[in-house]
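Each of the next two complexes has chain A plus one other chain: chain B in the first, chain C in the second.
Entry: the complex of A and B
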C-alpha cells in the first residue's frame, strides 16, 4: 500500500497534522458549551426576521458589493489574463490574491474610510488576481485549430474574439458565475470590519446572544445563495451590474489627502520616519520578527496543517451523503441541503459562531475550516462519484465505500485538497482577527495600535507564506500528476 | 455583445465613483464600540438628535466595529467629533494636531477598572492585587478590546507592575473579548475565569439586575485614572462656522436629559483638556502601546 505515492503523501500529511496537534491549542473553555450550542440551534429554528430594520438593506448591500466587486475583478482579471505570460504580471497577480479580502478591506479602511470604494476594491483586487490566473489557464487550453484556419493578415483582436472566445465562452461564464457565489460570501464577511453588509448585523446579533436574529440572517443568506440559479440569469446580468453601484450606500466622503498620507507616512517603518533612520531598521524588524511574526507563522502553519487533514477526513465522510451509490432520494436531498449549508457558510462566520460557543482555542477554527472546506470538496467528489458506473454485483455498504468508491475518487480528492491548501492557509491567517493567535491576530493588533507600518510588514509576511504554500501545493500536485478545476 | 457589456460595466463603475462625491455638510460623530451595539445605537442616536437641535446642523452618528476604526475615522476627517476612551482619545489627538478634549463625564475624572472572577475559581475579593497572586496565577483571563483603556491598558499595567510578568506569561490563556459587556458575559459563563472591565458597565448592569452575582464577583478595583471624553477636531470652525467648537462644547456641557445621561451612564458632562490625559499617555508608552 505504501508503494503508492498518493497514499504515502497522505500519510506524511497525516503524520504532520498529528505532530501539529501536540503543539496546537485545542480546548473547549466554555463551561457550558452544549447549552450555548443548543441556544444557538434553537435560535436558528425560531428565526426572527423582523428584529432589525436594517436587515433587508444589509442583504441588498451584500449583493451589490458582490456584483460590483466581482464585475470589476473579472474585467481587470480578463485584461490581465491577456498579458499573463509576462512574469511581472504573474507575480503581481500571485501577490494580490495571496492577501485576503478582509486584509484588503482593513488597508482601504485606513484611507478611504467608510466609503463604498473600500468594500468594492477589497473584493475586486484579490478577485482580479484569481480571475487573471484562471482565465489565462482557460484561454491557454483553447483549441488552436480554429486560429490556423483564419485567412492571413487577420487582426490579432479579431482572431482572439472569433477563435478563442467562442471556444472558451462556456467555461469563462461558468467560472465567473461560480466566483459570484464566492463574492457573496466575501461581501457578507466584510461586515465584520464595519462595512454595511450582512456580517455587520450578524456580528452584533451574535455578540449580544440574539440567536433568533442571527438565525434569521443566516437563513436569508442560505436562501440567497441556494436560489442563485433562479435570479442570476444571463439576461438580467447587465441590469444587475448597472444597478448595483447605486445600492452600495453612500458611506462617508473620501478625503483624498488621507491617501497620500497613508502611503508617504503611515506605512513608512517608524525608524525611517524618526531620527534613527536605516540604523534603527534592524532592531525594529528583529523585534517584530521575534515577538509577532514568528509566533504568528508558527500558529498559522500548525493550524493550517491540522485543518487540512481534518478537511480531508470530513470530505471523505461527507461525499456519500450526495452520492447516488448510497441511500435513497430522501437521504440524498437532505445530504445536499446539509452540504449546501456547510459550504455556503463562510468559514469566518462559522469560526466566529463556534468561538462564541466554545471559547477561544484553535478548535473552533479547525472545525470551521474543516466543515466549510470539507463541504466543498465532499460536494465535488460526491458529484463525481455519482458518474462512476459500478458492476451490477458490486458490494454494498461499507465495502462499496472503501473498496469501490474511495479508491476511484481518491486522486481527484487529493487534487482538490492540495488546491485548497493555500486557501485554507489564507483563511487561517485571517481567523486571527477573531482572537486565535495566527498572523491575523498580530496584524489586527498592529492596526488597533495604529501601527500601520507593522501591519503592512506582517501582511507581506502572510502573503509570502501563502505564495510559498501555493507553490508547494502545485509542486505536489504535479509530482502526483493530479488534475483539478479551480474552487474558491 | 461582449464589448457592449464591457462598456456598460465601465459606465456603471464610473457612476459608483461619482455617486460618492455629492454630500451635504453634515456634522458626523462616532464612538468607540465599548458595549453592546444596540445600546450604543440607541444612546448615540439620542445624542445626535440633541446636538442637531442645539447646533442647527445635520448631525449623524456612525457606528464602527473597532476602537481603531473610530480613531481612523476621526483622523481621516470622516467624523469630526468622537466619544473616545482615555487611550483612544490620546491616540487620536496625537494623530490630529489641533484636536482637543472638550468634555468628559463627571465619573471620568476618577474612573476605575474592576477585576472580576467566576465564583467557581474560589478567588475572594482583596484590597491589594498582590495578595491575589496565588489565586490568579495560571487562570484564564480576558481583556476587553485591544484598544480599551479600562479593559486593556490599565489592567495590563497593573498586572505587569504587580506580578512583574506579561499577562500571557502570568495567565494560562489571555483573550480579548471585544467589549466590556462581553467580558462580563464570558466570565459569568465561565468561558474565562477572570476578566477586567469598565466599572461603570459593571455598576449599570448590576443595577439593572443583569448580573448573576452567584456566578461572578468583583475581586479587585484599580486606583482611579481619567477616562472617557469628547474629542473634537481642530478644523471644525473653518468648516461649520466661527465659534462652532465652542457651541458643541456648550451643548455637551449643558446636556441635562436624564434618560440620555443615564444611558452612558454619566451624571453629567464637565470641561476637559488634553492635559487631563497625560497619565494615560505615560502608561501607554510604558507598556509599548504608544511609541
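Entry: the complex of A and C
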C-alpha cells in the first residue's frame, strides 16, 4: 500500500499533523463547557425571531453587502480575466486573494471608517482576484476550433462573444452563483469587525447570553442559503444588483483627512517617521519578526496542518452519510441536512461559538475548520461516490466502504483537500482575531495598539505565506496528477 | 482568387514528417477530391491549405467546430461575422435581424433542416450537426471550399444533395473523401495521397473506382 504515492503523501501529512499536535495548545479552558454547549443548543432549538427588530435589518444588510461586493468583484474579475495572461495581473490577483476579507475590512476600517464602502471593498477586492483566476481558467477551456474557423477579418469582440462566451456561459454562471453563496458567508462575518451584518448581531447576542436570539440568527442564515435557488433567479438579478446599494445602510461618513493620513503617516514604518530613519529599520523589523511574525507563523502553520488532516478525516467519515451506496433515504436526508449546516456555517462563526463555549485554545479553531471544510469535501465526495456503479455482488458495510468506494474516490478527495489547504491557512490566520495566537492575533493587536505599520507588514507576511502554500499545494497536486474544480 | 498554387508544403508531427514536401495547384472551376487511407495525411493537408490561403476559404473541418451552446442560426451566421461591426454582431446574438434570419433559413431549407433554426446545436444528431457546419461554409461564401469528409454522417440522398449544392456554390473546391464513387461523381480531378505524398493526380473522367483502390 505504501508504494502508492497518494498513500505515502497522506501518511506524511498525518505524521506532520501528529507532531504538530504535540506543540499545539489544545485544551478546554471554560469552567463548565458542557453546560454552555447545552445552553447554546437549547437556544438553537428555541429560537426567538422577534426579540429584536435588528435581526431583519442585519439579514437585509448581509444580503446587500454580499450582492454589491460579489457583483463588483465579478465584473472586475471578468475584466482582469481578459488580461490574465499578463504576468503583473496574475501576481496582483494572487496577492489580493491571499488576503482574507476580514483583513481587507480591518485595513479599510482604518481610513474609510464604518462607511458601507469598507464592507463592499472588503468583499469585492479579494473576490475580484479569485474571479479573475477562475474565469480565465474557464475561458481557456473553451473549444478553440470555432474561433479558428471564423473569417480572418472578424473583430476581436465579435469573435469573443460568439466563440468563447456561449461555450463557457453555463460554467461562468454556476461558478458566480456559487461565489454569491460564499459572499453571503463573507458578508455575515464582516459583522465581527463592526459592520452591520449578521456577525455583529451574533456577537452581541452571545455576549449577553441571549442564545435563543443567536439560534434564530443561525437558523435564518441557513434558510437564506438553502433557499438561494428559489430567490436568486436570473430575471431578478438585475433588480437585486441595482437595488442592493440602497440597503447597505448609512454607516458613518468618510473623513478624507483620515484617508490621507493613513497612507502618508500611519502605514509608514515608525523608524522612518521618527528620527532614526533607515538605520532603525533593521531593529524595528527584527523586533517584529521575533516577537510577532515568528510566533504567528509557527502557530498558523501548526494549526493549519492539524486542521487539514482533521478536515480530511471528517470528510472521509462524512461522505457515506449522503452516498447512495449506504443507508436508506432517512439517513441520507439527515446526512444532507447535517452537511448543509456544516458547510453553510462560516468557519469563523463556528470557531467563535466554540470559543465562547470551550474557552480560548486551538481546539475550537481546529474543530471549526475541520467541520466546515470536512463538510464541503464530504459533500462533494459523497455526491461523486453516488455516481459510481458497483457490481451487483459488491460487498456491504465496512468492506464496501474500504474496498469499493474509498479507493475510487481517494484521488479526488486528496485533490479537494490540497485545493483547500490554502483556504484553510487563510482562515487559520484570520481566526487569530478571536484570540488564538495565529498571525491574525498579531495583526489585530497591532491595530488595537494603533501600530498600522506593523499590521501592514504582518498582513503582507500572511499573504506571502498563503501564496507559498498555494504554490506548494498546486505542486503536490501536479506531482500526484490530481485534478479538481475550484471550491471556495 | 478561387484557386491556389502552393509548393513546398510540409508538416511534421512529433518530429516526424507526415506531409510533403509536396506542391498542389488548384485552378478556378476545379473540384478536387483528396483520396487515400485514413492517416495518409488528408486532414493535415487540408489544414495546411487553409493556413496558406490565409484562412480565405470556407472550411468544413472533420470535427465541425460548432459552438454547441448556440442555436443553429448563430452557428451559421458566424460565417459572416467579418461582414458586420461589433455592435451589429452583438445585437444579433440577442435578437437577430430578419434579413439575416431569412438568408440563413433559405440555406437550411436547401439542406433540409429549416425547422431546426433555433435549436442549440448540442441537441442535434451527427448528420444535422454536419449540415450546420456545411451551412456555415456556404454562408461564408468564400470562392474556395475546403471540406474534410463533409458527408461522412449523411445518408445516401442527402449526401448527393449536399455534394451537388457544394459543387454548384463554390468556384473551386477541395474535398477529402473516403467514398470513391462520390469523388468520381462530383469532382473533376482526383488527387491520391499516400504517406504524405501525392501518389495520383488525374482528371476524374480518366479514372474508374478500381484505379483508386490501389491507394488503399
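The rule is short, and it goes like this: the second predicted complex is superposed on the first by the 488 of 488 C-alpha atoms of A that agree within 3 Å, B and C clash if a C-alpha of one lies under 4 Å from a C-alpha of the other, contacts with A are read in each partner's own complex, and residues count from 1 in each chain.
The definition used in the following text is that a residue touches a chain if its C-beta (ideal position, glycine included) is under 8 Å from a C-beta of that chain, and two chains touch if they have at least 3 such contacts.
Source: prediction; values computed, not measured.
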Partner with the higher number of touched chain A residues, chain C or chain B: B
Partner chain(s) touched by A:167 [first = chain B, second = chain C, both, neither]: second
Partner chain in contact with A:204 - chain B first, chain C second, else both or neither: first
Touched partner set for A:158, first chain B, second chain C, both or neither: second
Touching partner for A:192 - first (chain B), second (chain C), both, neither: first
Which superposed partner A:149 touches (first chain B, second chain C, both, neither): second
First, second, both or neither for A:133, with chain B first and chain C second: neither
Set of chain A residues, in rising order, touched by both chain B and chain C: 161
Residue ranges of chain A touching chain C (in the complex, touch as defined): 143, 145-146, 148-155, 157-159, 161-163, 166-167, 169-170
Chain A-facing residues of chain C, complex: 54-56, 59, 61, 63-70, 74, 78-86, 89-90, 93, 136, 140, 142
Residues of chain A that touch chain B when the two form their complex: 29-32, 36, 68, 71-72, 75, 109-111, 113-117, 120, 161, 165, 192-194, 200, 203-204, 207-209, 237-238, 241-246, 248, 250-255, 258, 270, 359-360, 435, 444-445, 447-451
Of all residues in chain B, those that touch chain A in their complex: 2, 5-6, 8-13, 15-17, 19-21, 23, 28, 36-38, 62, 64-69, 71-73, 75-79, 91, 95, 118, 120, 140, 145-147, 173, 175-176, 178-179, 181-182, 185-186, 189-192, 289-291
